[in-house]
Amino acid sequence: MDRKLRIGVIGAGRIGKLHANNLVNRVPKAELAAISDVYEPAAKALGEQLGVKYTADYHEILNDPSIDAVFICSSTDTHSPISIEAAKAGKHIFCEKPIDHDLDKIKAVLDEVKKAGVKYQVGFNRRFDRNFKHVHEVVKAGGIGDVHIVKVTSRDPEAPPLSYVKVSGGIFVDMTIHDFDMVRYLSGSEVEEVSAVGACLVNPEIGEAGDVDTCIITLKFANGALGVIDNSRQAVYGYDQRVEVFGSKGCITADNETPNNTTYYTAEGVTKEKPLWFFLERYNDAFIAEENAFVDACLNDTETAVGAFDGLQPVRIAIAAKESCEKGGIPVKVQG
Amino acid sequence: MDRKLRIGVIGAGRIGKLHANNLVNRVPKAELAAISDVYEPAAKALGEQLGVKYTADYHEILNDPSIDAVFICSSTDTHSPISIEAAKAGKHIFCEKPIDHDLDKIKAVLDEVKKAGVKYQVGFNRRFDRNFKHVHEVVKAGGIGDVHIVKVTSRDPEAPPLSYVKVSGGIFVDMTIHDFDMVRYLSGSEVEEVSAVGACLVNPEIGEAGDVDTCIITLKFANGALGVIDNSRQAVYGYDQRVEVFGSKGCITADNETPNNTTYYTAEGVTKEKPLWFFLERYNDAFIAEENAFVDACLNDTETAVGAFDGLQPVRIAIAAKESCEKGGIPVKVQG
Amino acid sequence: MDRKLRIGVIGAGRIGKLHANNLVNRVPKAELAAISDVYEPAAKALGEQLGVKYTADYHEILNDPSIDAVFICSSTDTHSPISIEAAKAGKHIFCEKPIDHDLDKIKAVLDEVKKAGVKYQVGFNRRFDRNFKHVHEVVKAGGIGDVHIVKVTSRDPEAPPLSYVKVSGGIFVDMTIHDFDMVRYLSGSEVEEVSAVGACLVNPEIGEAGDVDTCIITLKFANGALGVIDNSRQAVYGYDQRVEVFGSKGCITADNETPNNTTYYTAEGVTKEKPLWFFLERYNDAFIAEENAFVDACLNDTETAVGAFDGLQPVRIAIAAKESCEKGGIPVKVQG
Amino acid sequence: MDRKLRIGVIGAGRIGKLHANNLVNRVPKAELAAISDVYEPAAKALGEQLGVKYTADYHEILNDPSIDAVFICSSTDTHSPISIEAAKAGKHIFCEKPIDHDLDKIKAVLDEVKKAGVKYQVGFNRRFDRNFKHVHEVVKAGGIGDVHIVKVTSRDPEAPPLSYVKVSGGIFVDMTIHDFDMVRYLSGSEVEEVSAVGACLVNPEIGEAGDVDTCIITLKFANGALGVIDNSRQAVYGYDQRVEVFGSKGCITADNETPNNTTYYTAEGVTKEKPLWFFLERYNDAFIAEENAFVDACLNDTETAVGAFDGLQPVRIAIAAKESCEKGGIPVKVQG
């Protein structure tokens, strides 16, 4: 039988559970070796369910020489320090987004990863969505010629709890960060300047917490193209995730995913299915694909699909967008 | 200014009014000259509204040497005798479908038309629908290769009054006749054999009147292709008119027409517009196109788009379908 | 017969011809009375084709007491002076967009129209498109709740000649002006601030002429909503005209219009029709609807659907957008 | 950890491999215990790949008391005898379709299964397709009222090899059998009478082998509804699998599945993705769902979703359809 990659999952919250379960059931070349969580009951529950050892101390995972790689699924503030420790321990690293909110801390991770020569993949799972991947490939193959306009619509089905909003770092670094990665992925170019306008239209408490819940971000790319992202924390009809790339030879759009392809006709109207409710449903296959891609990159010693630099750039854009929004929409250069 | 075709409209019922109004407003090369209806108040109302002379006796129209052509929009039983009189009077003829329910009477019309050398067009307006016309053209141009399967879905939004059903000649000659024309138009081949099954599922009184309200008709074409038509007297969501032609190199489908192209997303669902309600809405442009085509054929002395033979064949198929249905679905040859 | 509105058309260019033909053939309550064009052969050709009197001097139309209304279809620089003269002559006025590029001149028109008590309608034909009209009505009826985001995609199939670009006043006042009207129409609110970024990606000569051919404009509305418009002078697949309004209770989108509703399946792919090529095809029915609406407003002494103030506001927004774009995308308040 | 169902797979051909792989990777409550194939190298290859024991003699599986259930994936002629042996051995049985071509042999299976009290599920995987399942549920819940018309379009992307056609039992029992199951599933009623017309339009050699490659089957249901199936052995654009159920309160349709939801616009046209190529792609998730359903039924001692009687009825309909087609389309009662 082929060699499998032995993996420890650090963090047994929602996303840690998701990865751990997929690694067991959907990633044939992975072998889940251990689970850790600072809250031991969470580690225990998941470890027992999946039949692997568990611990409250992730250092046990880092110190286990039989473990090849880690999935860092702990709270955001621990991503960069654990990344550095894991790199020093020689583990390949899959890190949930964002690496950090602080550019210097991210750069320190990049340095350490480079020094250690380990693989590093950031959890921008949407790149593995079948629709966005296809758009990326068509654009890359020249199918729409030179890119002129990139558009991303990204709306959550419901706003997170206020407690979450307060520690989230704000909509740009928490939510739009996925879209900042997406526009880089789709355009094949770096974002040089952004301007952002925001408003608090969904829930005034979000505004009182110093954040916005609705925003539009305009982008200028290094290759001359323009872009626009629109976000809302609440689309009552479900998770609205669409993209469009327009260029000199054409345009390609990606529509939402739905539970099925039926159409229902009655005297009241003609009804299609709503988009899948949220990211766990919409990006289920994308999560599995990113996990498989990471495992393959580690086993075959190839580049990861979403490298450490890809974790740095969206944070830079998010910082610029936040500044622009706070200053009423003035254009802000993305720090190089 | 270019010469216009002077036209008399015989019959001022629903379809006569429609043609008369279009001839005045939407057919630039037509000049409405007169209206007749055996029920004089109807003729008077329409004539006064449109500012043309009117009469209870259509012979006044046939005897008017300044009139070039007639639209026969009177009751079905008068179509063939008036067609013959009009041909003898040297008028070009646009005749609503069906020419007659009796094959011999239709053949008599064909003979007289041929002898008189006048133009004859039958009111199979659906051939002028932008969707079906495009399907016809793609098929004719070889776009789907050899035709293998022709499918027509044709459902009315609501059943006609029972009084109408009783004198209609039955669903096959009254309703399916349009579909029999359509399959000839789309396949480019003659129907050789049909088998039909019917049921009374919408309104039991239709069954008591000796008719069916739901049916499926299977067809064999001279070129070897197969076909199927499904009909219902009542689709509660509106007029359902779709076709599909499948062949050795592909398939082409035509969907319904809707009031607009919007999509509406709410927490309850995703809603598209229902099909246009009935034939006056759906085929409005098709009526105008068939009228213009007739006027052009008369003025330019070219073939009409839907000739007298095209009026004969669907009746032949309808007669065979009715026999098949009455005999429980046995295959019946279409009389040659 | 009902009274008809006697109309003189001033300007026999492309748009003047379109209106004159429609007034004759598609607007039952209109009577085309005269045509004028400073280039007399153009006036003559159109007048003779349509069988009405013609002149090189539009004052003949203004001085004709039998004429009730004028359509001002002459060059943009003449719109405001002729509007003022026509108002003084007591004629109802349909004026092509924009009224002027200069706010003071537009205000002078508004004053004169008010003083004269004549009807004034601006040629924002897209409000009469069946799709956008439906979106407007759903939004107005509260169908999507409070408006949060308004999106307009508006791309021409091909760039105009450079000679036209040079005198057009720039993309914002020439092309985006329709979209500025549309966002007001769809949002039901005034635009307070805009920021615009532009690029020259289609044709460098447009840049040399001091204009851009691709742009994205972000908008802030008085009711708190945000908006975004994206424009391109060249969409190789045809005229791309879509809108989307997103709010607290849902979202409504309007897709393009196509020549028909067929789908074509072959070994190479599944093909749908491209959007209708350009505005004459796409907005044909909208032109007819706006003409009928104007005639009705004049005959029934009701408000026009697109009043003089609706002609002023988009120019104000366009001026702000131009300034923002020239200053690299800084936010600019719309002059009140 | 929960108890797992220990399963032996009999037959290591295409479908046996598919089930064995899914049981290992996608059915958490299943444990693959053994593989058998009369061609030992096939059994060995699959057994070694999946790390389970293998044998050329399926009796080893039947005699292994640690094995709870079997998947019968061997050649069609062995389905009924192995079913009987497996039932006698007290194994739960998942049997690929058809159970047999001979009604008496199927009935013998039903008897034995009943006597043994084991679970029996037939491999009508399409019932587990997300689209058809949703249509079934809407119809069952009364969403379209009384069923009037059931339509199934079912076309393969390419004809099987002639060698296969010759031993297939003919199109009705080999290909349409899935559609006969589908119409029962969707209508919720038994088929009482069928009439079928067929033609050889794809490949004349299929005709020489005594079969047809294109057919249309009309159905009458016990509840009064009508139905129609159209089949082709070759749709060059891919696997075409659509259904429609029309009734007194509405209609519901299910469209094909595609690789993604993108739309591509160029000067040449607007392109959507083709349907997924064939059943392995289209019904991948449906296979997994049916396997999970079988395992659940066995572990929880509940009814299987597709019982032995569901394996009998489609063969009865296929036999009637074949007779009708051979007799030129006369209606044939389905044997009760």
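As written, the chains take the letters A, B, C and D, and residue 1 is the first residue of each chain.
Definition applied: a residue touches a chain if its C-beta (ideal position, glycine included) is under 8 Å from a C-beta of that chain, and two chains touch if they have at least 3 such contacts.
Bear in mind that the values here come from a model prediction, so they are computed numbers and not experimental data.
A centroid comparison over C-alpha atoms places B as the chain most distant from subunit A. When the interfaces C-D and B-D are ranked by how many C-beta pairs touch across them, B-D comes first. Work out the mean CA point of subunit A and of subunit D, and you get 39 Å between them.
Look at where the CA atoms of subunit C average out and do the same for subunit D: the two points lie 58 Å apart.
Averaged C-alpha coordinates put the centre of subunit B at 42 Å from the centre of subunit D.
Contact with two or more other chains is made by residues 235-237, 240, 249-251, 263, 265-267 of subunit B.
Chain contact topology: the protein chains form a complete graph, every chain touching every other one. By the touch criterion stated above, subunit C contacts subunit D in their complex at residues 235-237, 240, 263, 265-267, 269-275. The part of subunit A that touches subunit D in the complex is made up of residues 1, 25-26, 28, 51, 130-131, 133-135, 138, 143-144, 249-257, 259-267.
On the subunit B side of its complex with subunit D, the touching residues are 146, 148-149, 151, 155, 193, 195, 197-199, 201-202, 214-216, 218, 220, 224-228, 230, 232, 234-237, 240, 246, 248-251, 328-331.
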